[in-house]
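Presented sequentially are two complexes of chain A, the first with chain B as partner and the second with chain C.
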Partner chain A sequence: MAGAALKRLMAEYRQLTLNPPEGIIAGPVNEENFFEWEALIMGPEGTPFEDGVFTAKIVFPSDYPLSPPKMKFVSDMFHPNVYPDGRVCISILHAPGDDPMGYETSAERWSPVQSVEKILLSVVSMLAEPNDESGANVDASKLWRDNREEFNKIAKTLVRKSLNL
Partner chain B sequence: MAPNIRIEDLFHRSRFPKGLAIIFLPFYIPLGFVVMVIRIFFAFQLYLVLSLVPKSWLIRRLLLRISGALTGLIVTQEGLDIVHRTDYKMIVSNHISHIDSVAFESLLSCFMNANKNRIPTFLRWILKYDEVKPDDAVPALVFPEGASTSGTSGLLKFSSWPFDTKNEPFVLALITVSRPYFVQIAPSVLGGNWWSDFLWLLFTPYSHFKIRFVQPPKREDELTNEEYSIIVQNFMATKLGISATKFDAKEKIEYAKRYFYERARERRERAAGMRITSNQPHTTVTQANSALDSRLESMATQVKDVLPQVPITVIRKNIKTTKCIDTTISNILEGKVSYTPELPGQKTQEKPEPKSNPSTSKVAANTFGRDSTERHLSFQERKKAFIEAARQRYIAKHNLNVM
Partner chain C sequence: MRGWLLSIGSVVLTSLVIGNAYFQKQQFYPSVVYITKSNPSLAVLYLQAFVFVLLLGQLSRKVFFGQLRPAETEHLIERSWYAVTETCLAFTVFRDNFSPLFVAQFTMLLFLKCFHWLSEDRVEYMERSPVISFLFHIRVICLLTLLGTLDSLLVHKAYHSVINSGASTQLVFGFEYAILLTIVVAVFMKYVLHTIDLQSVNPWENKAVYILYSELVMGFIKSFLYITFMVIMIRVHTFPLFAIRPMYLTLRSFKKSVSDVIMSRRAILNMNTLYPDATPEELASGDNVCIICREEMMTNAKKLPCNHIFHISCLRSWFQRQQTCPTCRMDVLQPQQPRPPAMPAMPQGIPPHGAHMPPPFPMFPMGFPPVPPPGVPPGAPQQGLGPTPPQPPTTQGPSSSTTPQPSSNPIPGTLPPFFPPPFPMFPSPMFGFPFPRPPSSGNTSSATMEELRAMEGEERENVEARIAVLRNIHSLLDTAITQLNQYSQAVAATQTPTFMSGLEPQAGTSTAPISTSQDQNTDENIVSSTADVPGPSWAVVDEDVATTDGETRSIPEASTGVETLAEDYASHNDLRQRRIERFSSQPNDNQDEE
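Let's turn to the complex of A and B:
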């Protein structure tokens, strides 16, 4: 099955290389291990994360695409749906039946029809619109709800940090 | 870390042995049932007695050990004196089956946190875990793997929560289970439940649980709980002579789900295949054809699993000529097979165009290199350009003077 996973990942890599979506770059960290990818995600315009470039690691299971990959921000991130250690908590990364929060419908879950591109697009829209129902980072959720100004300030510093400014 | 261990290698899927050992089993089965029935009555009475004896009494453990031995559970230990020397707060062990906690209880008094572990009520009652109060000096028994394995090939990834400094000092316990060669029944199987573990224990002539207690590796000061958990996992794996894997308990659940789903599907397909063949008992050619068809069909579904956007009819047609899953996948990916993707709506609508400047935030390559170093270089360059563009834009927007 690992052979099939490899081929599928290669196809997705090709697709993302030749026709990348807005504000996203992704590919294997090094080609010796095709199951570990790096992605650069640009904070979408009009959001607190505007213009920041955030790095994330994506690790694929050997039975990809049957099981979803795991994604973790390497850059510092302060966001309601990102755990303090960087793990991303969005429904597309969870297989149906495995529902840590108990509110996701299976339509938004992982299935082989999804792809790296769709995951990354979901992350971009997660950056734009945090889901404060699933509090992976409680502090961030609270600040996002109660003190948007402070949240935006923290996001700004993260953006600068991500750009080495 | 052995990367070549697959998740399916970690568990037994059947209680019964493979290979030569299965030859002896049929001879034992009648005797096994008799033994089991006798033991059920016997064990029932002993457990009743046990439930009357308070947890702290030494005689309880003696009774448990005797009754264990009579029901086929032989527990031996190495290094228990280590545990008696210090007041450990926690015993960290690998997990083989539901019988592990009983084996431990017959050696020393310990408890399991009911919130963090799913313990069958019956076991909790027999082992009197509920009797333990938080301030008692009773060590907690922890299985950081979070699920059982066969214990013969690899350890699951450890959870990091037990390895907090507040749980120190702790001691490691290494369990190995052996059963007589002529009745090689697996102690636990994928998807098995606790009472089946016990019934098979009663069926088997004896099960030898060997528990070795060892001191954990020293913790360096700056290690996080997670880093330390990996060190402990590797340490235990080396001591057990198996490998430490990156699979965790959740992945075991997923694997089990997939495994049982596949098996159910196979059974359905086989039933369907038999119906077809029974309808045409005389034409062997059609029989062979339908067998071939169902094989091709299952291959086609596997390709479809990997490439869901490709219509099944296209896959079927190609797999009929190639008769190979890998070749068909390559053919489709390399564009040798043309097709119109299914769910066309998704492909075009899925890109919400954020109102950013496309010339700077989109770094597409003109070619996808055939050679891996070429691709890698292109990837590195595009990353650099991407970050640089974002930087310039930010600087321009905020009128920064950084040079």
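Let's turn to the complex of A and C:
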């Protein structure tokens, strides 16, 4: 068989197909390349993103799981912890050492214990509870803090957009 | 579409130019002269040549790669831009020699470079795809052979040209092709490694190491080539500005591979020296999935001081990056100083014999019983081995009565290596020095006059003696603490009254060394109170430890349930025998010392 990274990705894929967590679907874009995944994430209930289905792309490095994958929303996303270009900024996606926001302890960084499932669950909880201390999208952070109604309105339009409505 | 337009347009233009020339001159030679004299015609012809090169590139791509993946295309375009920029820089350096031939040579270099990059990407892709077809192998092998041959030919040609006609632009090409040749070699090495890896069902553990070393060697060769090139160019020509970027990248990657190798070596060293191998029992117990690769661990697993278990190879590649436990992020290099290997080892051996441990420790730190104490341990083996079977289970008694309960305990078989034999010996694997010494020197009542004298006085030796005694006491206290912890773990693990009743007298033993008869009484209590538990049969087995498994089974009172248990504990039996051998040898030694 092939490399350790590939084996682990296949194992995770199997795991995710057998026991999919609620509101998350993820898998390789095509089965010849297991290092690029697509994930569909349901907006968690009771949040402005409720009912939305957001598409994201996960790209794994060849030394996965020693290095973290990169995740990027393909759907439009307006969220304090998502860069305007869609890249997701959560601490478990950062390798210990680089600290883009300068506030994370190494305990919440990437480690091989993490998995695609955990990343996606963290993203769901990030959607539910933005962390406005680390503003990847400053406009969204500001709006989230100061003008929640406007934020919710934008989120609602994104939800509709994500459903092609 | 654009490509088609370009090629068709260029073909039309070329035919127009040639047709026009032939129409004007009517003969072959004059028309050739006409074309070469006319700049517009030449431009058209150059364009046509460029188109031919592109078409050839497309053809070879189709032959050797099939469809390019988007990532490969992106990579190729990005690198091509850099290469084109550098080529332009090279043109400025060699503006004196600027000629169509020179441009053509650079174009060919660029053309070959593209294929080298593509082959690099393609071979890397092997690691990413679960399906590698036969065609893939043929293509890669053909391509690498072709590229390697071309490179060597061109290096050879450049070398001869430099030797014959002195340093010229050929020097640059020679070096460029030499570098490309190293790329071919490196790619081929990777290809071989990946192929070997693909052949086997299990991931090839040493692959990462081989790749690391091959990168180191190739990095060294490339850096060497670049530096030589730089030096020669500065001497014979001028500063080769165009080679700065690739040289910097090469040196950086060489530095990285050196540090990778160093880190990897350190990780391997740490793993071999600091952490114990996980035993099959530990692996068999419960969750044996390596959290790094999500594969089951059958063999080749290591246990960190924090009790987390991983594959050796997974751990090694992780330690190259970070020296923490992947699960709990404990710094694995931190507890290196005092006694790292012993600490993880202890919890393995102790729990099932928690009851066995207590007697040693309370006596120890106090230093009361001189080496062959009146109490349990040394006496026990003698009784156990001796011809008087009625009083066997002194030390064994409690442990045997408790073993049935912790039978679910995951790691019974781990005992042999770590099992603490009678206490004078027990700590010696943990600490470097022979352990029996501390009790005798710490115990003033039993110490010899010499030792007492050594502890008095102000001279250096006396002070040293005192310090030594204090150190011993310190280490004994440490042992006592760890033992206490394990003791409490064992108590927590087994909550049945049987076990407790087995333990209480033990506590008594600890404060005042208790005669074996008392222990025996408690054992009898256990026997009577838990007649349905295999305890009794164990008492019997203990009476005659030398009995083999089969003999144990033949013991009349052994019920069928007991029989199966007896089989389960066959290993225990062996163990006990070994223990007793040590018992019998150990106290004798101690007595000799006294």
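Operating definition for what follows: the second predicted complex is superposed on the first by the 163 of 165 C-alpha atoms of A that agree within 3 Å, B and C clash if a C-alpha of one lies under 4 Å from a C-alpha of the other, contacts with A are read in each partner's own complex, and residues count from 1 in each chain.
FYI, a residue touches a chain if its C-beta (ideal position, glycine included) is under 8 Å from a C-beta of that chain, and two chains touch if they have at least 3 such contacts.
Just so it is clear, the model here is predicted, and its values are computed rather than measured.
*Asks:* Overlaying on chain A: chain B and chain C, fit or clash?
*Replies:* Overlaying the two structures gives a clash between chain B and chain C.
*Asks:* Report for A:Ala4: first if it touches chain B alone, second if chain C alone, otherwise both or neither.
*Replies:* both
*Asks:* Please indicate which partner A:Val113 is in contact with in the superposed arrangement: first for chain B, second for chain C, both, or neither.
*Replies:* So A:Val113 meets both chain B and chain C here.
*Asks:* As a test of reading the superposition: which chain, chain B or chain C, is in touch with more residues of chain A?
*Replies:* B
*Asks:* Per the contact definition in the header, classify A:Glu12: touching chain B only (first), chain C only (second), both, or neither.
*Replies:* second
*Asks:* Is A:Gly135 touching anything from chain B or chain C once the two structures are fitted on A? First, second, both or neither.
*Replies:* Touch partners of A:Gly135: none, neither chain B nor chain C.
*Asks:* Quick one: classify A:Pro80 as touching chain B (first), chain C (second), both or neither.
*Replies:* The answer is neither, since A:Pro80 touches no partner chain.
*Asks:* For A:Pro65, select first, second, both or neither according to whether it touches chain B, chain C, the two together, or no partner.
*Replies:* Both: A:Pro65 reaches chain B and chain C.
*Asks:* With the two complexes superposed on chain A, say which partner A:Pro48 touches: chain B (first), chain C (second), both, or neither.
*Replies:* A:Pro48: touches no partner chain.
*Asks:* Once both complexes are aligned on A, which of 8-16, 26-34, 206-214 or 260-268 in chain C overlaps with chain B?
*Replies:* 260-268
*Asks:* Under the contact definition given at the top, report the residues of chain A touching chain B in one complex and chain C in the other.
*Replies:* Touching chain B in the first complex and chain C in the second, residues 3-5, 7-8, 10-11, 31, 62, 65-67, 95, 111-113 of chain A appear in both lists.
*Asks:* Could you list, by residue number, the parts of chain A that touch chain C in their complex?
*Replies:* Against chain C, the touching part of chain A is residues 1-8, 10-12, 15, 31-35, 62-63, 65-67, 95-96, 106-107, 111-113.
*Asks:* Along chain C, where are the residues that touch chain A in the complex?
*Replies:* Within the complex, chain C contacts chain A at residues 69, 124-132, 194, 197-198, 200-203, 207, 291-295, 313-314, 317-318, 321-322, 324, 326-327, 329.
*Asks:* Which residues, counting only chain A, touch chain B once they are in their complex?
*Replies:* Those residues of chain A that touch chain B are 3-5, 7-8, 10-11, 13-14, 17-23, 25, 27-28, 30-31, 38, 40, 42, 44-46, 51-53, 61-62, 65-67, 95, 97-98, 111-113, 117-118, 121, 124-125, 128, 159-160, 163-165.
*Asks:* In the complex of these two chains, what residues of chain B are touching chain A?
*Replies:* Contacts found on chain B: 6, 250-251, 253-254, 257-258, 302, 305-309, 325-326, 329-330, 333, 343, 350-356, 358, 361-368, 372-373, 375-376, 378-379, 382-383, 386-387, 390-391, 393-395, 397, 400, 402.
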